[in-house]
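First chain A sits with chain B, and in the next complex the same chain sits with chain C.
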Partner chain A sequence: MHLIDQYAYSNALRRLHPGIKAGLALTIILLCLTLNEPAVGMVAALWMLGLAVGLARIPFRTFAGILLAEGTFLLLATIAVILSFSLHPSVLVGGWGIGVGPIWVSTSPASLYMGANLILRALGAASAMNFLSLTTPLVDLIDLLHRLHMPAIIIDLMTLMYRFIFVLLESLERMVRAQDSRLGFSGSYRRRMENTAWLATHLFIEAFLRSRNLQQALASRGYDGGDLRVLPIEYETDRRLLVLGLVGILSLVAVWWLV
Partner chain B sequence: MSQLRRHPKRIFWATLALMMLGAQSVWAGSSAAPQPMHIMEGYLPLPWAIFWWLVALPFWVIGFIQIRKLLREKPEQRLLLGLSGGFVFVLSALKLPSVTGSSSHPTGTGLGTLLFGPFVVTILGTIALVFQALLLAHGGISTLGANTFSMAIGGPLVAYYLVWKPLKNRVPTWLAVFLTAVAADWVTYVITSTELALAFPDPQSGFLGSFITFAGIFAVTQIPLAIAEGILIVLVFNALQSSAPEELAELGIEGSAA
Partner chain C sequence: MSLFTFSAVTYRYPNQTQRPALHDFNLAIPGGEKIAVVGRNGSGKSTFFLHLNGLIKPRQGEVRFQGRPLDYSRKGLTALRQQVALVFQNPDDQLFSASVFQDISFGPLNLGMSDAEARERVLEAAALCDIEHLLEQPTHALSGGEKARVALAGVLAMHPDILAADELLASLDPWGRLKIREIFDVYHAQGKTILLITHDLGLIKHWATWVIVVHEGKAAFSGRADDLLGDEAIMNETGLVQIWRQAMQSC
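Then we have the complex of A and B:
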């Protein structure tokens, strides 16, 4: 989490208007889903990897590492789609099957293709999402939603949650370290559970006290309820990303056309 | 070997058990890898992705209207609500001790439902899901509707209206709290399995066959974790009642938003 957030603030495309990056990512996701071809997903993943490494200067290993973790998870999750289980021996056209105990496990070229398509399609879409989250700080995206007229209440909740996730995570780490150094997590299951419960309880109390402090701090500066206002952020535009993004989108359609 | 061959059933169950344990520890063990509870970006076919967005839409509207009403009556709750959302998110990052030695993470929606009511949790949970997609590469935007429906709508609503409300004054509070938290966690996984089975029915045994397979992967492995989350929430609830009674009163707990 810190890793993604860190790159979001330090990458070379940081100052770019979030509308361009979000628009590109959403278009790629939509194309992966509508064109629905394994080759499209693969090309999309390569494009996003290229743009993230080439333009945003995200280390290759970071982006590829995240993709690899997602690929592993997808592989596990897709087992249920590739294999089919039944109580009676039956095989689909051109398929294979073996009996394992009382259950008959089988697969077929059609399900294998479907599984591969699923994994590659999801990888293509996920890489577009990774590109967005590695290049765009969440404050920029919240600002984008604000410009798109998302209700102010939701914008405020998002801003507060984003800020306090990191504040509370820090307190959480501090409390875990304190408990751990007093052997809080080495003992019976019961004790570990009790300690975790105290952790959550004190985290809640801390969150509550912090919200009260913030309330007082804002009230003493003249806040009396209503929407929170902040200065708008200024962005740059980058023609390279616009051009390359457009070429990428066209290439996805071309791949779909050719396959 | 010959003895093993004579008990194919036993081997089957042993393998299945090992597979489940293995899968569980793979998912639960590495915090970097996406957790299994959300459907990944791009995983659902477009029609299903749109369908679940449409299903989630009315609940978002109800949740939004409730929050707006709450904030009109008590404007000072705006900050508390944001902090609570952060708390629910961080709670899901908490490591839950589990019996097998591996660890998992609570969904956090059970406690959220008890503290703030189901519809407020729908909004806070949706924002948390967006953040998880963007900060943890976990879940996604096209699958946001489906994930919201399982984690922030179905789980909290079932837990609140079918478990918490009917049981609240009939059984000891700890039992009602426990069952509410277990239900919120477990129903989430059952709905996720249903969503996946609807999108990917088994070519031979149809929706039911594929539901059993997905439920075997998600919902069955989740039972011990749901129970662990239930125990944790009971302990947290008790501790909150003894050490933060004023804060709870201010939130209007036990009948919150009801």
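Then we have the complex of A and C:
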């Protein structure tokens, strides 16, 4: 959370209108979902990687690392599609397999293709999502939703929740450190459990008190119910992302067409 | 005429079992002064401040503002809060948006300003508090002192007549304090009133034009600094005398 948030605020595309970034990411995701070709997913992932590293100046290792983690997860999830398990060797017809005890584990070109298709397209969509979350702070996305006339209650809740995540995270860090420095987590198992329970209780109480204080502070600045009104953020436009994004989208369609 | 008058105000928090936070609190606050509010931890200073903004209502007694009893209706409170601004003890309680820029714009927009006017106010307040470089930063990446300055900018953008700041200087470095004191002096020169809760007794002597001492839920003293320092009974009763001697020795 912290890491993604840091890049979101410091990347080279930070000041760009979130509509462009979100529009690009959503289009790529939609294409990955609808164009039924593994190559589409692969090209999408490469494009997003290129844009994130080249334009947004996200370190290659960061972007690739996240993608790798997601890929591993997807691979595990698609094992059931790629491999089939049976008690009869007949499944081997038109494929390859080995016997493990009484069970035959096998795969076939068709199921391999299906697995690759799933993994690559999911990875393409995931990389578009990564691109968006690494280049766009949540405040910009909330601002975008507001511009798109999302109901104010949802916008306000998102604003407060996002802020509170960090306020409470800070409290938690502080409390853990305070316990840790007094050896709170190095005692017996029982003692550690007690301390953890204490943390949970106090974090809950803290959240409650904080929300009351926040409400007072909002009221003192003239808030009397209704929407939390703030100014819209001002953005820049960047032709490069617009053009390259468009080329990327077209290339996905072209790949799908040609393969 | 006093700006605020507290007569026999008593306030007890809902879950408070010991003595009430404020008990038989009597005080007249003059307008146009730089006021230092001092007192020990738990003496009731922050509770007293919450009354200035109508955020809490006395259980007994009465608060008057410019001669009239505080109007706790929605309209009355809105009118009051346009004039009186509070900076809270903990800036994390005050900053609700992850965007510094948007957070500062909140007050001016609540005053009913247009976007253009509000934007102007945000930039002006940011320049005043030296936080222009932070406008693009997320709130949660700021240090304690930076948050305090953003919180101050958030209320200065509303151009209040009365500014009440709860321990604002505590988290600031010496440069930050100097800057804020300059801002206060500018405000004071415009005839506005500043109340500052502080544990820095040096401010009584070198900054404040008026001093309020809160002691065990009561206003033990309200007057000029020299009168306080000359009043042995009060100095002894509130324990200020030891602290004061030490402060003077170290100077």
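Assume the second predicted complex is superposed on the first by the 225 of 259 C-alpha atoms of A that agree within 3 Å, B and C clash if a C-alpha of one lies under 4 Å from a C-alpha of the other, contacts with A are read in each partner's own complex, and residues count from 1 in each chain.
Here is the rule we use: contacts are C-beta pairs under 8 Å (C-beta built on N, C-alpha and C of every residue); 3 or more make two chains touch, one makes a residue touch a chain.
These numbers come from a predicted model, not from an experiment.
Asks: Could you say whether A:Ala69 touches chain B, chain C, both of them, or neither, answering first, second, both or neither?
Replies: First partner only, chain B.
Asks: So in the superposed three-chain picture, is A:Leu231 touching just chain B, just chain C, both, or none of them (first/second/both/neither)?
Replies: The second partner, chain C, only.
Asks: For A:Leu46, is the partner it touches chain B (first), chain C (second), both, or none of the two (neither)?
Replies: neither
Asks: Which partner chains sit in contact with A:Gly222 here, chain B, chain C, both or neither? Use first/second/both/neither.
Replies: second
Asks: Between chain B and chain C, which one contacts more residues of chain A in the superposed model?
Replies: B
Asks: So, does A:Leu138 touch the first partner chain B, the second partner chain C, both, or neither?
Replies: Both partners, chain B and chain C.
Asks: Taking the superposition on A as described, I'd like to know which of chain B and chain C A:Ala207 touches: first, second, both or neither.
Replies: It touches chain B, and chain C stays clear.
Asks: Can A:Tyr9 be said to touch chain B (first), chain C (second), both, or neither?
Replies: In the superposed model, A:Tyr9 contacts chain C only, not chain B.
Asks: Give one of first, second, both or neither to describe whether A:Met161 is in contact with chain B, with chain C, with both, or with none.
Replies: first
Asks: For A:Glu194, using the defined touch cut-off, is the partner it touches chain B, chain C, both, or neither? Pick first, second, both or neither.
Replies: In the superposition, A:Glu194 contacts chain B only.
Asks: Residue overlap on chain A between the chain B contact set and the chain C contact set?
Replies: 5, 138, 159-160, 162-163, 167, 210, 214, 218, 224, 228
Asks: Help me check something: in the complex, which residues belonging to chain B touch chain A?
Replies: 8-9, 11-13, 15, 23, 26-27, 30, 32-34, 36, 40-43, 45-46, 49, 64, 67-68, 71, 75-76, 78-87, 89-91, 93-97, 99, 111, 123-124, 127-128, 130-131, 133-137, 140-142, 196, 200, 202-205, 209-210, 212-214, 217, 228, 231-232, 235-236, 239-240, 243-244, 247
Asks: For a test of understanding, state which residues of chain A touch chain B in their complex under the given definition.
Replies: 1, 4-5, 26, 29-30, 32-34, 36, 41, 66, 69-70, 72-74, 76-77, 79-81, 83-86, 90, 92, 100-103, 106, 108, 110-111, 114, 118, 121-126, 128-130, 132-133, 138, 141, 151, 153-154, 156-165, 167-169, 172, 185, 189, 192-194, 196-201, 203-205, 207-208, 210-212, 214-215, 218, 224-226, 228
Asks: For chain C, which residues count as touching chain A in their complex?
Replies: By the definition above, chain C touches chain A via 50, 53, 55, 74, 77-78, 81-82, 85-86, 88, 90, 92-99, 101-103, 105-107, 109-111, 115, 118-119, 122, 136-141, 154-155, 158.
Asks: Using the touch definition from the top, list the residues of chain A that touch chain C in their complex.
Replies: 5-6, 9, 14-15, 137-139, 159-160, 162-163, 166-167, 170, 210, 213-214, 216-224, 228-233
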